[in-house]
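You will see two complexes here that share chain A, one where it goes with chain B and one where it goes with chain C.
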Partner chain A sequence: MTKKVLLSPLDPVHDIGLKMIKRGLDEAGLETKLLPPDTPAEEIIRICMEGSFDTLLLSRTLGYGVAELLARFVDLADAAGLRENVRIGIGGMAVRPEIAAELGFDAGFGPGTTVEEAVAFVEGKEYSPQENEIKKEKVDISSPYTYQYKNEKIGNLLKKITKQIIGWAANKTSPGVERAKLRENEWDYQAFLKKEDDSEFYKRYAQLCDQVPKDFYLQGVMHPKTRELSKDELISLNTYINNMQKQMRVKKLQHTRKLPIVWNQYGTGCPFMDIAHVKASEGWGADGVVHFDPSWGARTEGFLNGNLTHQEDGTVITPNNLYRIHRMLEKSTLWQVRAHRGLNTAETVVLAGKIGADLTKINICYGSLAAGTDPARLTIDAFHAIKYAAKYKMPFDVVTNEELTGVPAYKAFAGMLIVADLAVRLGAKPILQPLFAFSPEVMVGGQMDDNYIDFNAAKIYALRSIVDAPIWPGAPIGFLTQTEDRVQSSLSTALHALLAASLGVDAISIASADEAYSGGPISIPSKIDTLRGVEESFRFLGLAGIKPTENAQIWQEQMVRGIEKVLSQVAEQGDFVQSLYDGVLGSKEEGAFPGRAGYNTVREE
Partner chain B sequence: MTDALKRVIDALDVETFLVCESEEEGKKLALSMMKNLGFKDVDLVFIEFIGSGARIRARAYLHRPGDQYGWLFAEEVKVND
Partner chain C sequence: MAVILGIAGTAKNTGKTTTTKAIMEEVQRDKNRVLGLTSIGYDGEDVDNITGLPKPKIEVWPGALVAVAERSLEVSTAQIELLEKTDIATPLGKVILGRVTKGGTLLIAGPNKSKELRRVLPLLQQYGANFIIVDGALNRIAPMVEVDSLIIATGAAKTPNITELAWETKHLVEILQFPVFNTPKNMVNMGSVLDIQAAQRLSAFLSNNQGVVIDGVISSQGLEYLIQVGEELKGKILILPDAIKLIVCGEVRHIYNLLSRLKELGLEIGVKKEVHVTALTVNPYYPQFRFSSNDYQEAYVDRKLLFQTIKNSVNIPVFDIVEEGGHKLYEVIVEKGI
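And now, the complex of A and B:
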């Protein structure tokens, strides 16, 4: 026999929640009747008894006098004998399950109750949130793309430039390239997992390192900002992870869209704290997490080893640290270990590939013009890193962060396209990473005086008009628009995410609400703030869109012309590395300075 | 109430993330934390538990409407407060 459900709001006006539940109950095949708001309690009880209803669902939104109102209703229902045959549930914004239970209701549904939960109560079934659990899968954003050029002129210029780079790199090596080779050929991940003796490997490895790692391996001297995690800490971490993983579930942020996938960076300094951060990111909907290493790691020849915690920003790359973080990731979480900007670029890719990373991050121009690495050194290291990325089937993004120093977007894009073209020729899958940023170029030029939409849209339009390749704005979106205020910061991130979704990009990297705070490590609540903000922005947008003004088109055309001009200069020069030193891809006047780390370490084989 | 707390116009919110096994446990921990901090009129504005713990916003009311407001009579804040 079909169950009959009476629904009645105990409010003067609010009945939306009950209407939604009524729709769910109707769809489940139950017979329902909804009374109008402000129906007196006595009348609700009379209708319920006369209509032989099986269940009565009440709701209350207004917060004032809730306990008294509900207590009175229960008393009246008891006095009328309603409770003998009818189960009564109460829900709504003002209701807390514990108050409902205290007053003797059969069920209490607080804010956030799902329709499914109410239906389960009416049907007398145990509610199992697992049935509604979101199943997420890893997405390869590079797979739909052909990397074919739509702009033939640019395609031909890139071909000429990357042919020259491949020729230049053919007979060159560096300490970083040699360490990567050693790690690739002599370090076995399975042997590491079995804790087999690796002292011979590290003796040879130390010879390719500079003083800090050398002292670590040969003298047992720890880097001053690091310490080894204790055995007790490691055992307790395992217990923490085991307990937590049983109750893990994840959100999906994209609402009705499939893309963009959302990336969150971690790198607190400590792999334990990283794990806590990553689990919160996963829970609140991040699709991927990025390993962020210390800045000194990029300027040090060689990695350390062991379970190391670090007191400053960025988590030290060691096999143990990467292994520990990787093994607690949810199966659906994409993992990127960024290699991009320093003296360990090639080895990072090897290590990440062996341990199981899904993506990496490699670039030449940003790392050598704005992150301190010598252009020749980074070119040869990145060349080999790209080949390893291809071998380990790790797509990688090519950043354009040199924009943050003042290099105009078109120049940064020219550099990015060179690296991307080189990657395709070496069998890898590059992902274009334009900045969504309030960059020095626009601060001076005024392109964002009115809005943050047009110039960012122009970047996407420009890249799309050149090549069929995945686009992942970052990193993070909204760079230099966020302040220390968490509402402003989260909203700015969320709005940039909304723009990214509207432009149909493949992925985004988002900051925490602490993006502009520099007084200490970012906190988990600040990560959740922006994930919730982005979730809400996607919910707001759905499949609708944002319409840029005609400026986006004008600036797109200017950018493409600028890219063509820069690529022509590099091609004409016939020496990519020299054009980095000469400022063709970003000059000293624009804040781009060729780095010194690794200077004079490239040698011919 | 310290002099600084007298200057709180109505409420003090504590936003944090608690490691816990359920929403219920998170609620209890949050309220107990606020009481341990010395607040009497406390509530939990928001809690969302997922997997590894709960994002919470706990609140302590220092002055509710109709109270005698400390900030109406506040003197200069003492340094050691």
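And now, the complex of A and C:
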């Protein structure tokens, strides 16, 4: 028999929620009757009893003294005998199941109640949110792309440059490459999981390391910045993970567009906080999380081992730390382990691949021009890192952060395209990562004096006109536009996300609201700020778009010409590594200084 | 014989939980008693769902029996062995019957209407409970028709005006003590009187018969209508299922005045089933709303004055639990319960 539902708003005015529920119930084939607002309690109860309704749905905004009023209604309904046969639900802002229980209702519906939920209640079925749980799957943003060049001239220049790099790399190696090789051939993840003895491996490994890791392995001396997690800490960490996984539910940020997917980084330095950050990111809708190592890690030959924590940004890369984070990720969460810029690039890719990362991050130009690593060293290490990324089927993004020191976008893009082209030739899947930033170039040049849209749009247009490849602006979007004001910071991130969505890019990385100014680890509330902000921006935009001014077109053309010019110079020079030293891809005047870490460590095999 | 005790309040924060805890302590001490605990609302949370102020926590001990909603166990530290899962649905999941295996805090959300409480009380007894406490919620009282003995918690949270509170309490107790009538013959039965049409029918029935039995409630509007009818009511009888049905229809003092007026007109009003109001507890605490910050702060009225005034206004025992503990109250309950 068709269930009969009586709906009655107890509020003087707010009956819109009930009207929406009524529409849903009608569509589900139920018989409904909606009473006008402000119908007296006695009247509602009488109508409900005389009309033989099965369910009564009330709505009321909770406020001062309202709890007693609702409790009185429930009492009257009970005493009148209505509740012998009729079930009563309450909906409204601030209604939670706990409050509904206290007030004496059969169910409570807060904001965000779905029609399915209301129908399930009316039909007396158990509402299981699992059925309505968001189905989320990992997205491989690189898969639709062909990596074909649309700008033939640039394509040909890149071919020439990368051929030279492949030739240069053929007979070279470095301690980093050797460690990666050892890790690849002699270290087994399954054996690690079974806690098999690995002392022989680490004895050989130590020989390829700097003094600090060497002392760690051979003398048992802790790295001065780190400490081992205690047994108690590990036990409570595991308890925390287990409890957290039970109650975990993922969420989606995207509205009607499927892209961009949204990345959040963790890397608090503390394995506890990392996991809390990852879970918060997942719970509030991030599609992927980024693991990054501490900056001292990038300048030290060799990794440490064990359950290590430290009090700086970045998470110490050890098999244990990576394993623990990987184990607590939701199935739908993409995991990127950053390998770029330092002396452990190649080995990071091997570890990430063995432990199960989905993506990694490799670059040459930023790392060697603005992050302190010797150009020759990073070129050989990245060359091998790319080969491992191809082997482990991990796409990786190529960053252009040298822009932040003052290198103009077109030069940074030329460097990025070289690495991307090299990757494609080595069988890997690179992702282009232009910055969405208020960079020194535009601060001086005035391209963002009017708006943040045109120059960022020009970057995307320029890259799209050159090659059919995935684009992932970062990292994070809105770099240098955010201030210590959390509202301003979140809004700026959300607006840049809006622009990214409008431009149809594949992914974005977003910061937390306090990231630029936290003066320490970022906080979870500010992480949620930006995730919620981005979600709202996607909801706001839908399939509509942002229209840049004609400047975007003009700057796009300038950028493409600039890229051609730089690539011609590199190709002409015929020595990519030397071009880096010489400042062709970013000069000292532009704030780019070839790094010293790993200088003179590249040798011929 | 099992004691089935209900603890109702006249408003939020009148001391229901404090009273419940005080009685529980006594039950725990009494080796002949096995506690059965349930609630018609939601109790045991850290901070009040509505005012946001801290609340006393309920703690249970091994061996005690409970009837609570499944999800309330998620936030309790006590460990509960599942005895039976009922099909009684609440906003926090199905009601389960359980036995405490490890003591700790317990959030009690349970069957929240008469119909369900009627099913749960015998179940608690079947599993061996012989002292059952039904914890109340807010100002709700309707499901308390199912208990044998009722404690009413009142205090400044109802109104910080002590004189007004005394009047209201006096009237409440007097209504709850309305006499039990044996139903005479020649009575007409009818359902709840909720509107003028029903009141008209009621009045016609009273004119043509010796009396009417209402199987439900009568609204204050209905009572007002009868007063208009006036003289014809003399010598007629009106019977309700129980006195609780009289007080759920409006403000106690208004209902009391209407009932007094009807009595003056010669209408005899009685109930089928007695509500045993065993005692009152009074609480000087009240949450004071701060308009400046849109939240609540703790406030108190004069403890002694409150206690004395209420004590003088009613004919049943009155306790200040915070001041004197639950021992004397417990003795009164047990004495009356047997």
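Keep this in mind: the second predicted complex is superposed on the first by the 543 of 605 C-alpha atoms of A that agree within 3 Å, B and C clash if a C-alpha of one lies under 4 Å from a C-alpha of the other, contacts with A are read in each partner's own complex, and residues count from 1 in each chain.
Following the convention adopted for this analysis, a contact is a pair of C-beta atoms (placed from the backbone, for glycine too) under 8 Å apart; a residue touches a chain by one contact, two chains touch by 3 or more.
Only a predicted model underlies this, so the values are computations on that prediction, with no experimental measurement involved.
By the touch criterion defined above, A:Gly104 reaches chain C but does not reach chain B.
In the superposed model, A:Arg46 makes contact with chain C only, not with chain B. Of the two partner chains, neither chain B nor chain C is touched by A:Met416.
Set against each other, chain B and chain C differ in how many residues of chain A they touch, and the higher count belongs to C. Residue contacts after overlaying the shared chain place A:Ile466 against neither chain B nor chain C. When the two structures are aligned on the shared chain, A:Ile524 is found in touch with chain B, with no touch to chain C. The contact surfaces that chain B and chain C form on chain A in the two complexes do not overlap at any residue.
Of all residues in chain A, only 112, 240, 243-244, 247-251, 276, 279-280, 282-284, 523-525, 528 touch chain B in the complex they form. For chain A in complex with chain C, the residues that touch the partner chain are 42-43, 45-46, 49, 62, 64, 67-68, 71-72, 74-76, 78-81, 83-84, 96-108, 126.
For chain B in complex with chain A, the touching residues are 15-17, 19, 21-22, 48, 50-53, 55.
Of all residues in chain C, only 11-12, 40-43, 45, 49-50, 69, 71, 89-92, 109, 112-115, 137-143, 145, 191-192, 194-195, 198, 215-217, 219, 221, 244-245, 248-249, 289 touch chain A in the complex they form.
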